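Below are two complexes that have chain A in common, paired first with chain B and then with chain C.
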Partner chain A sequence: MERLPLERKVLSENDRIAAGLRERFAENDILCLNLISSPGSGKTSLLERTLESFDPSERVAVLTGDIQTENDAKRLARSGFPVKQITTGGTCHLDARMIEKGLAGWNLECIDLLLIENVGNLVCPSSYDLGEAAKVVVFSVTEGEDKPLKYPSIFFKSQLMVLNKIDLLPYVPFDVELAVRNARQIHRDMEIVRTSCQTREGLGDWLSWLARQRKKPRAAAPVS
Partner chain B sequence: MERLPLERKVLSENDRIAAGLRERFAENDILCLNLISSPGSGKTSLLERTLESFDPSERVAVLTGDIQTENDAKRLARSGFPVKQITTGGTCHLDARMIEKGLAGWNLECIDLLLIENVGNLVCPSSYDLGEAAKVVVFSVTEGEDKPLKYPSIFFKSQLMVLNKIDLLPYVPFDVELAVRNARQIHRDMEIVRTSCQTREGLGDWLSWLARQRKKPRAAAPVS
Partner chain C sequence: MHEMGIASSVLDAVRAEARRFPNGHVYKVVLRIGALAGVDPDAVSFCFGALVLGSGLEPLALEIEYRSRQHVCAACGRSFAAANEDSACPECGSADAVFSGGDELEIAYLEVEDGAPAARA
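And now, the complex of A and B:
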């Protein structure tokens, strides 16, 4: 198959641009997080609750990716924070160049936290570095406990798993302990929080994790 | 971007193999369906209920795709019908060559209905023809009404939408009429059934649709 060398070339070009982004984020002391999940796992709702929790003086910005529609940017812009939609027009993931373009026009000196909502897809986004400090996988309890085993790459690469929609646990056949065991089988040290954007249960744990990441000293030099 | 010509070449090679599969399905009077959804929308559960509904004398076989694990083949094999797992090892979709390999060792003369469960991904599988008579998109009520607008390709290409997990409607913010309107905005004539694999509500509508497809005369010549 002649696909592989080209795929490698595309990924190495992406890595080059991502390294440049990471350098800019370090220079401007920006924490950048890349949220990945299946379609409909609740990334946008989690970001809505997150933005609502912030004081308007916080220096937060969001880039949100979708194949089509500006729906998510409209939902998130209600928060008052700067939000930009990246519409991929068919591409199944965000790549570093899209982030570079998405940032154009924003003064990075005025941003402390950049939240990236990837295209809903548990497979392809895991291959594309966006210059983020950490990937976060959002996984909802309606999706079945086996997903970490079936889609290991994203669980392996994520620093945090947000087990979302826990308000639905009484109504779905989902064994939380088994899901956590499966996730730890793929990524032993991954942090895990359990949340519901409907009842707000567990959101404090997510926000505490986020606050801890923001306090961590960030590399002054690029990781390349 | 130099990706596009190669992507075209890969897809045209896939189309060539898919045309060969379609010809073999026609020669053997096999109805082949390609089920596509997000991870965790309930494709495997729908297939379990479907296989349970069949008399053991039915000539049905299943190919089930996943990036990792043989879990789904194990679940489906309990039905007693021939089931084979296709493990893609990282690839985000099934392609026609994988189906060709998956069929090796099966006598197609002994199959009337071939059900293909694609990798859980609402984006990439929609680009790969597997020689099927129809694509079926499974979409669960936990995923949000906007998914047909955000992932138009698969809704446009599917002959049927199975709106699944309707037993969860009392517990999720999901407007069925809006979801149906969004789906029809993308694909006006798509058929739609509403199902729950937990309560079995609506499964009769899905099975009736399936029975109608099986009765349709199939092209004797390949569609190429």
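And now, the complex of A and C:
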């Protein structure tokens, strides 16, 4: 018997493609964000509000992933910005190759901000690097305060948590402080904003976070 | 459920390595999964079991080395396995700790029988 050390990442092929994407984003000075949440937490709504807030001259593009339907792309295309739907046909997450394909036909020189809406799923998307500068987890107040503890991976890997649907707080028993404490237990330095896509409360905090990221110099090195 | 994809990637990696041992047999692959990897070890085992049948690689066992979340205490330097609910240092009680592991999703090693490796292509 012989022990043969490999020490190789299981998703090394995805990581390789993601590294290539990250390099292309850096070359073209693109900020790419990967939005992840449970189904229905408000990713598309947040993107709708975000696109509405932009001047039409902004160089923004969106890739949105779903298992089925073009619904989200249709909603987002009303903004007038380039939007492409990626239908995974059953796969519960986007992977780097899907992003590579989704970008085909777009001139990256004409994009400054690429927003990716992942498939609604709090688990699987966290394993797949898409070449993004940061993951953003959207978490809504109807989901229970313990989600960060139950699904630690995505909270650990996200730079920002958007606590959405805060307009519903009067109607649901949800302890915001506890949810924040749970999130910080998993990821001490995570940034947190509270939003409502309904009343627009807190959207300014999200937009300022976004503006700050856009000003940051782009790192070419992969964040693992 | 992305564990099928994970299991299939593991099998691909074993298949590639197995070519280096034309006269031997890879009989075990050891996968390291961290608590923060977002992967369910039982589901990976289940999918792996299904995929390995008829793969031409059997008998091939999968062993999973599960790693809990690892912290190093910023106050006293002690390394410890941190629970999600409570990650205070067991030595000094400090809550100030630096993450040091537990997000792995790696193939650690293979066990090969009778394996003089062929020269790498």
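Methods note: the second predicted complex is superposed on the first by the 209 of 224 C-alpha atoms of A that agree within 3 Å, B and C clash if a C-alpha of one lies under 4 Å from a C-alpha of the other, contacts with A are read in each partner's own complex, and residues count from 1 in each chain.
Keep in mind that, in the parts below, a residue touches a chain if its C-beta (ideal position, glycine included) is under 8 Å from a C-beta of that chain, and two chains touch if they have at least 3 such contacts.
Note that the structure is a prediction, hence the values are computed from the model and not measured.
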Which of chain B and chain C A:Q185 touches, first, second, both or neither: second
Touched partner set for A:T69, first chain B, second chain C, both or neither: first
Touched partner set for A:R8, first chain B, second chain C, both or neither: second
Larger contact residue set on chain A - chain B or chain C: B
Touched partner set for A:E132, first chain B, second chain C, both or neither: neither
Partner chain in contact with A:E143 - chain B first, chain C second, else both or neither: first
Contacts of A:P152 with chain B and chain C, given as first, second, both or neither: both
Touched partner set for A:C92, first chain B, second chain C, both or neither: both
Partner chain(s) touched by A:E117 [first = chain B, second = chain C, both, neither]: neither
Touching partner for A:D167 - first (chain B), second (chain C), both, neither: first
Shared contact residues on chain A - chain B and chain C: 2-3, 6, 10, 92, 123-124, 149, 151-153
For the chain C and chain A complex, residues of the former touching the latter: 1-2, 5-6, 9-10, 13, 17, 24, 26, 31, 35-39, 69, 84-87, 103, 105-113, 115, 117
Residues on chain A engaged by chain C in the complex (per definition of touch): 1-11, 13, 91-93, 123-124, 126-128, 149, 151-154, 156-157, 185-186
Parts of chain B lying in touch with chain A, wherever the complex brings them together: 2-3, 6, 10, 38-40, 66-69, 71, 90, 92, 119-124, 140, 142-144, 146-147, 149-153, 165, 167-168, 171-173, 198
